[in-house]
Amino acid sequence: MNLEIARLRLPLAAFVLELDAVLQSRVTGLFGASGAGKTSLLETIAGLRRPTAGHISLDGMVLTDVGEGIFLPPEARGIGFVPQDGALFTHLDVRGNLSFSQRVRTHPARTAPTFEHVVEVLNLGPLVARRIGSLSGGEKQRVAFGRALLAAPQLLLLDEPLASLEVELRDQIISYLRRIRDEFKIPMLLVSHNADEMVALCDEVLVLETGRCIRRGPAAELFRPSPRPHHVLAKPVERAPFA
Amino acid sequence: MSPDAWQVTWFTAWVAVTSTLCILPPGLALAWLLARRNWPGKSIVETLVALPLVIPPVATGLILLKLFGRHGFIGRWLEETLGVEVVFTWKAVVLATAVMSFPLLVRTARVAFENVNPRVEHVARTLGAGPWRVFWTITLPLARSGVIAGAVLAFARALGEFGATVMVAGFIPGKTETLSLSIYHLVQLGRDGEALGLLAVSVALAFGAVWFSERMLRKAVA
Amino acid sequence: FAAASLSDALKVLAAEHQKATGDPVHLNLAASSLLARQIKEGAPADLFFSADEAKMNDLAKAGLIDPASRRSLLGNRLVIVVPLDSSLKLASAADLANPAVKHLALAETATVPAGIYAKAYLEKAKAWDAVAARVVSTENVRAALAAVESGNADAGIVYKTDALISKKVKVAYEVPAAAAPHISYPVALVKGGKNPAGGAQFLARLVSPEGRAVFAKFGFTPEP
Amino acid sequence: MSPDAWQVTWFTAWVAVTSTLCILPPGLALAWLLARRNWPGKSIVETLVALPLVIPPVATGLILLKLFGRHGFIGRWLEETLGVEVVFTWKAVVLATAVMSFPLLVRTARVAFENVNPRVEHVARTLGAGPWRVFWTITLPLARSGVIAGAVLAFARALGEFGATVMVAGFIPGKTETLSLSIYHLVQLGRDGEALGLLAVSVALAFGAVWFSERMLRKAVA
Amino acid sequence: MNLEIARLRLPLAAFVLELDAVLQSRVTGLFGASGAGKTSLLETIAGLRRPTAGHISLDGMVLTDVGEGIFLPPEARGIGFVPQDGALFTHLDVRGNLSFSQRVRTHPARTAPTFEHVVEVLNLGPLVARRIGSLSGGEKQRVAFGRALLAAPQLLLLDEPLASLEVELRDQIISYLRRIRDEFKIPMLLVSHNADEMVALCDEVLVLETGRCIRRGPAAELFRPSPRPHHVLAKPVERAPFA
């Protein structure tokens, strides 16, 4: 992947998002405090927001160039986006949401994971016939994730896709994301507040603060093991008679 | 019911359905433009759309007569190029009811479109759907309750329209006679009993439309 | 309560009446059939001035008017009108059977006085059957006139007073008084009005020579 | 404009505003019930509400006349207990326009209420607001675009109403004369020029309402 | 606190939520996989869902009793709820959202944290005049949290309130929650997928699985330190010239 972002400017409520970066890793992490501008950056790359200045190109294809008045519409960018809040289609059931891109796509698809495959990995089997309104928070997140994967994008933008999942499922999905990265060679931009996720998945991480990239480097360099103990659910063996 | 009354009922239902179907495409397009775009003169267009509601039906009828009449701007053009005569035919009935119910559809559909979350439309575009497909697969289904309500209002108005219709289409038994015209006529003659009978038919048609719309809604949700 | 076609003359007379007596006159101006309907439903009217005898007869039958006060006050004539640019020559009712007359605009022939009179005239002239299929009934005289104005009807039969108000039609033929039914505007006091004395006073003004003069000014033919 | 025309304009504007204000409380209540509750006979009530749209205005007018007239069920009661006479007064004008515009308000507001997310209302209740407060502080503000649109439609209809008004209120110059009635009357008399002048006044009133509603919306959002 | 839940039954799409428990800790944790029924349980306690059977009472006051037909409306329960998706009032600005309960409250308020206090701790200062539509994910979460706190509830139900916050802010809010627990003595029910949060805050934790409580016990017993290293952002000292 070669995502070039040059002299980007996007005014936000309290500050201006400014970025100049060439991203070439398979998985790039975006890290930063609440309100740092991570979501806004993803939306600008996806073509959902128009910057006031700057240039964005992906593998040589110009996506946005304010100077030359180029603004490729989102549907022509081939960029999958998993928004923070899911933004599922409430008038369709889970299956309808997942297969949406297959029904509407006009641009040719890349080799993509199959419907069955995505359903299996994301544990969506029992949900395919369910209405969106009756899903739990984590279930919604997984559906939004699967929907974007099935669009066979050239680049995946993931906005905290694992935030409301339990550790087990999260680990499972992380290993799946690694396979997507390696098998399907779909590059990704991943927003997360979880340093462990970053270390497990990202080659490189950008740290944003009030709209600027303040640090950048390989995940292994930016993050260090914490001295604070990290907890997981203990195996219930010691209290065998319970439940 | 007499065969005559049946014929009038069919004609009325047919007119109401046709005029509702005719105004759906332009009505929804305009509603969408009003809901989703900002353009100069928007308030003016909104007022223009509401006009058939604001001015008395006879006046609307008179304006239509002047436009579509043989000497009228549009009427002459239609007659010369297509050989179509509108005034005093069933076409005039459809025209009058369509114009009178247009504002109801547009306003109601507009509210529904405004309530669709643009974020959801945005996400649909990242999934490969162009603006046109997004409208059909996302916006319209999410706005369906309002669109259906608007269509039902338009249909009901079409059933009840009288003033403009009688002006451009006249009251020609067997040709431009709708339930509403018949009822008016019977009321004038003091034959309230018969008028009441036809009223019941009108109401039944309206009830059918409401019932059908509820079913469509429920199906769409399920 | 008075037929809408009388409104201009009546407004003048009402103003004079108020100046002379100090009593305001409330006019309710609408189609005669509608007014008759309202009176039947108990509308508080003192005086009913109808555009045709039939409506007045209806109310008389229902016992709602004071028969002693009933007078036929005004007359009118039917005319056949054609669009201003029409080359149609009409010299009798029979000429309406001419195929060049594709649409003949009449006021509704069952309820509206002008339509009823026109139909009676055509029947009397034995022309009704020939033209019946081409008749376009309209809600009232004004709509018939509008149909002719806009050129959609090739001819129409309306009152002479109405024909005078439009500059886009011309009178092709004036129906002779003898050939048509007698058209008159009857007026009567309504029973159960709120102010019978005031009604009678205004009626007196209408029938007075000054009253008749006002009607004549607006194109009506006052009857003896 | 002549002093007469001014007087008619004021009266019309006043009637339209009054009738719109009168139907707002019951209209919104009914719209809410239709949107948020399921009850037997809902479809029937919906049809009943749409009736003034479905049947020709004269028929509506006649029904109102029969109900509110001196011999009428409600009319007699009103006269005997309160000494109020409705028919052929300004009250009848307000009544007729209110009845005719009621369905427009209800339908449009209903769509708006349906589009308010019940979760948000639920959360408001956990914060201590009772159902009534939730309606005022959450549901109504979130549905405002639809409610305003419905009110504008109702207002526009009130400006243009003719058929039912002339039946229950008559055309009594200086007393029940609205713009719409005057226009009809002038058209009848062939005084199209004057009619056009009053039409322009009607349109200006409607434009004012549309403009005002847009401003209210923008203020509410900002 | 004494929250009694007896023979509760709530049918959900794929299973029935069934619970029988007396909760008396200051902070009780609800832990469990995506779709286990955690949110549904909170909503039932808050009075937003009607169970088909069972009894719920708080400190002796009956909230729900299906057998006796008692169902206290949510506004009379004095229970604050921070929903997973925020469910903010989009027609009000941030201040309007925060002060909503003060304007509408009919039941007398307990001693509650002040507006200024909540704004300061949740870092909401720069946001008070902002419209909801322009907030980031984490900002929304904090506003929803502050709104519930200011309602001065007798019991706080928190549905993953910290899921999309960065570590620093999360730590800060955790210590604030500890203070609420100790100073204002507001008991809490906390849903989270993060075991560290559970250990830091909860006295007792219930583990839910497909609608049943499968394990229960003190947080320190249920969770154990993980052998897997946990990562945090390293201090930037080693690369001083950067940024």
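In this document, chain identifiers A, B, C, D and E correspond to the written order of the chains, with residue numbering beginning at 1 in each.
Quick note on the criterion: contacts are C-beta pairs under 8 Å (C-beta built on N, C-alpha and C of every residue); 3 or more make two chains touch, one makes a residue touch a chain.
Quick caveat: nothing in here was measured; it's all calculated off a predicted structure.
Chains that touch both chain A and chain B are absent from this assembly. The minimal number of chain-to-chain contact steps leading from chain B to chain E is 2. In this assembly, the chain whose C-alpha centre lies farthest from chain A is C. Here the CA centre of chain A is 80 Å from the CA centre of chain C. With centres taken as mean Cα positions, chain D sits 34 Å from chain C. Look at where the CA atoms of chain A average out and do the same for chain D: the two points lie 51 Å apart. The set of chain C residues touching two or more other chains comprises 34, 37.
Across the assembly, chain A contributes residues 85 that each touch 2 or more other chains. Each of the following residues of chain D touches two or more other chains: 58, 62, 187. In summary, the structure contains touching chain pairs A-B, A-E, B-C, B-D, C-D, D-E. Residues of chain B touching chain A in their complex: 117, 119-120, 122-131, 133, 137-138, 141-142, 144, 220-221. Here chain D touches chain C in the complex through residues 58, 62, 65-66, 69-72, 85, 87-88, 166-167, 170-175, 185, 187-191, going by the rule given at the top.
For chain C in complex with chain D, the touching residues are 1, 4-5, 7-8, 11, 26-30, 34, 37-38, 41-44, 140, 142, 145, 162, 165-166.
Interface residues of chain C facing chain B in the complex, by the touch rule stated above, are 33-34, 37, 40, 58, 83, 103, 105, 108, 110-112, 135-139, 143, 146-147, 150-153. Those residues of chain E whose C-beta lies close enough to touch chain D in the complex are 46-48, 73-75, 77-81, 83, 85, 87-92, 100-101, 103-107, 147-148, 151.
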